[in-house]
């Protein structure tokens, strides 16, 4: 297997759940070598001691956490840095790392929005690197593969947005949907909340519990509307209600949208076939088939099904994905594959 | 406590999950004596041997299952029969039991719809007792307390419908909502699927799984639209998507509806306060408060919260209830209390 | 119901899971009035605002948290104080409250051990009120009903100990077991870990996870051996391994013990029948019946089954209980009933 | 990667959970080609239609289920057949397939026991191919790597036995343990019960439930004692109590055993280091470290930790594995790797 090339990568901030999933994917990717991993709290300790699941992994042998400093990261020889940092922190690292010549894939929200105004609306004032907002490419390979290949800075999408944007874009591009009244109910596994120590995320609070939260203005609404608007060519606004689920991983999204008069079922199926038929990771289940999160956990797949309510001429789109996978880390690896000229599926065909 | 009167009751078909919950409520109700319990498969066996949870319960001591026959039920001295039978079977028992002078509370769908046409649309042809369709009172005490008090035959509502109808009725009555575009995403615990032996309901299929099902024409849509139409005074049609959840009990419902122009937040709060302020079982959490199923499981409460999305002038209503409780068995007991002149809360103030 | 007497009670430290369960039981107990509830963090706020599950409960209407001070508690008129405080803190309250004339039921471990030495071995030095160690009665009504009735200070047992002591005591009393080689594997729901904010207890850490912890010297070993030794009349030492389970509530305990030569199966059944046949809360399932936690959650029952392995002449005892119920709060209420001359079952016959 | 050789394999009986896991491993194994997959019920349908998780997998493209017949299987060109059939059925296929020249890896219990007597004791009379009992090699590579390499017929171990045998064998080989009083409590995820339609395995029965079952003579005791006896060189008998857990996958096993007098902690650690230090799949966590099922699910790892209770000179061994992985399908693939001269880890280093 000597001909497979290897790219050296760094993971900046790897102690949360999407960081762990990213490390797992790096471990199994034949073309990535992990040369640097940072964590302020875990500095100096072995990576494998912090993640019992990776115990014994030869690829990580001897690797220790270092403090997250630009010089250290650059000195590691990494050609690409994944930022798995909190919103507002990632943007402090992106610019300096780009200057050092690394390419950057940011899993935070810092570069997903195209303008500082929308950013401020959802995340507060003071974006630390507004000059880079324009440069960051929204890292959804199904709709932006070309720009991702050439990007220096990729802003990997949020978990909810991926599950909403992928189903809607082909229909909006073709003008098949009324832009009024699009409503989205999403259900996410608790790993989406990260590893933060809040009473709300204790086992006994989440177990046997179902509840909405964060409506009507969840932070992800900004990037969803930005991408939908781009696809439709005119402003799209949606209602979005996320729900916290007693599962570790998985997002199930249900979208209600009115079909424009005269739109046929064939047009819907055709739109998906045309846009995603060749995509290795969007699995078009078809009309009348209900996707299930348990079929996509620990994968990079997004499963897509739909039904039409003829009484109301309303379309109900349903998607499932792994919030830590296609909704975060494996999607970032998919962008990595494009950026570094690997086949798009490399290291990602897990089942 | 000798002055508390006692009503003799029968439970016809008690082996499923809502039957078990009904038995639990009878066990703790100070005014009910269980004189007859039927089951074809379990005939002759002790009730407490079939429900390990009730082992040792003095109130059930010596009680054995009998075969479900009209004469046997009537001979037991029961004044009221709860029917916890499959759809289509319940209606074969209701008429004969009424003739024998019992009052009947039916937990199935057989008498929820007012006309045979709608019944046939959702449940197939051949309602066995169409003449009773008109007599059955829809047993949702929050909107039909008066008729329930005098009813001979109560058709206790479905689990999903309760969670949808209660939040919408006060607003529809007052004309505060646009009737176009009402969309409902409901999430239900798996006990809602009953105890049927299907691969779909095995632990390993439901655990770590989230998925929609049954859309766009789940059987409950008929009774929901019937009651909403009555409240609005004109035809209301909704989109309804149920989801199966990896919890045992609980329903969480999220409703998207457009506010009519000019409707204020105060009007919404006021509508709920007027209609449910005195209701012992609707807990109005208020605007911006998100109900959680874990606060209502094993109770007869329906918790109600909402948010307004001012960008779209859209209202998002959220309700939670126990699908076996307020969505089935405790709601049936609430009707019983009204019918037999007990205080409405009797035996139902569990926390 | 006016003849039912009412006892005023205080709950000191009510914000954890066993505190919440205790409040729920007080809410449903016909003979308890809650006159004082303390919490440092929640001081001044309404009890019902802190426990969404109790929203609307008339019995708690207007009740606000006060700071935990002896004078305040005494001034409330409480005749009995439940201490739901951390180990080491409870003992600071017990003495002063006893002096004020209250009777005290302590849910912590502070008074469970009879001597300071053993206390120091398991909980560290410096018991704040060693003079009370002798006075505290181990509050396991199945074996100490008499002393509990007259007690001023009851030390309510730990969750694991209850599940181990109840099955073993009748057999040890009668000398049916070898005292060598008793091994115990216990599995507990996560509410047993309390509401403490530790990564270990986050949903994503506990869900889909099974693991042992705390062996070989879990703190509960001390009180288990103390009570077993008392029953056997000679020193008993056990191996005890607790396991953390992905359920909210419930303990399942499996005990391995060698039968003394010549002991018959009838002797085992008889021992249980004699000691617990009249007990309202020990349900003897019998030989060959496997207890299940789901039949005892939210109750005060302990279900007991066993099998004999004739190849090894070894007895396997199995018990289930709710760790927050019979393992903590409902057991405390059972002691309360004895102390204040209520029928033992009062408020506790939940199913 | 053209130099990697490929072995054609058949899977006989692939519709259960361990069959599905086996298919998943074949999908990701670089040296296996699936040429035949059988199922009576699913005959003629596409494999990918029966397993939504594998939808889109190119390796399975076009592959349809055939009826399980010897000639069909042999004609497929398979060099190796995996039998994922019920006990008693597998043995009808093994002999004929061996005669056709295939090598066979049986996941059932049919060839695990060395003599018909013990087989009859645990599985009933009438083993269909007693002449093969001697030939089947117990497929636990950690203790039988040599014989497995040369085997025509491998009897892949049961899930519980793997978790019990691996920890005990090194200590028994060295005579470090008393052979009296070994007690084992095992906890298994529900996928271990297979996909059988029994009420006991419905979501609502397993969720929020913990219970023992199958004691004292679970079928796996036979093979456990056979292997322990071989290691000890004299008869070993154990007590074994399995418990059903509300998780999909994973086994956690806790073993109580008395150390022989004078055995030091170093001897224990050394025994494991010597026997498993070079093993790619036994991860020796060490003394005082508690293994957790969530670190081994979907892997072929067995994690091993232990504690010593000096008060009793008793050793407590703890192991975790995936019941469908190291406890079934990935272990079978590990044997396959040995049999067909692949590096032992091939296709199995998942994390």
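Note that the chains are named A, B, C and D in the order they appear, and that numbering of residues resets to 1 at the start of each chain.
Definition applied: a contact is a pair of C-beta atoms (placed from the backbone, for glycine too) under 8 Å apart; a residue touches a chain by one contact, two chains touch by 3 or more.
For clarity, every value in this text was computed on a predicted model and none was experimentally measured.
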{"item": "C-D or B-D - the one linked by more C-beta pairs in contact", "value": "C-D"}
{"item": "Chain located farthest away, centre of subunit C as origin (C-alpha)", "value": "A"}
{"item": "Centre-of-Cα separation between subunit D and subunit A, whole angstrom", "value": "36"}
{"item": "Distance between the centres, which are taken as Cα means, of subunit D and subunit B, whole angstrom", "value": "46"}
{"item": "Inter-chain centre distance, subunit C versus subunit D - centres from mean C-alpha coordinates, in Å", "value": "40"}
{"item": "Multi-chain contact sites of subunit D, meaning residues that touch two or more partners", "value": "205, 208, 246-248, 292, 294"}
{"item": "Contacting residues of subunit C [partner subunit B, same complex]", "value": "1, 24, 27-28, 52-57, 208, 280, 283, 285, 292, 294-296, 298, 301, 303, 349-351"}
{"item": "Partner subunit C, residues of subunit D touching it in the complex", "value": "181, 183, 185, 187, 189, 205, 208-213, 215-217, 237, 239, 241, 243, 245-252, 254, 256, 258, 290-294, 297, 307-309, 311-312, 314, 316, 318, 320"}
{"item": "Interface residues, subunit C side, partner subunit A - complex", "value": "17, 190-191, 195, 197-199, 201-208, 246-248"}
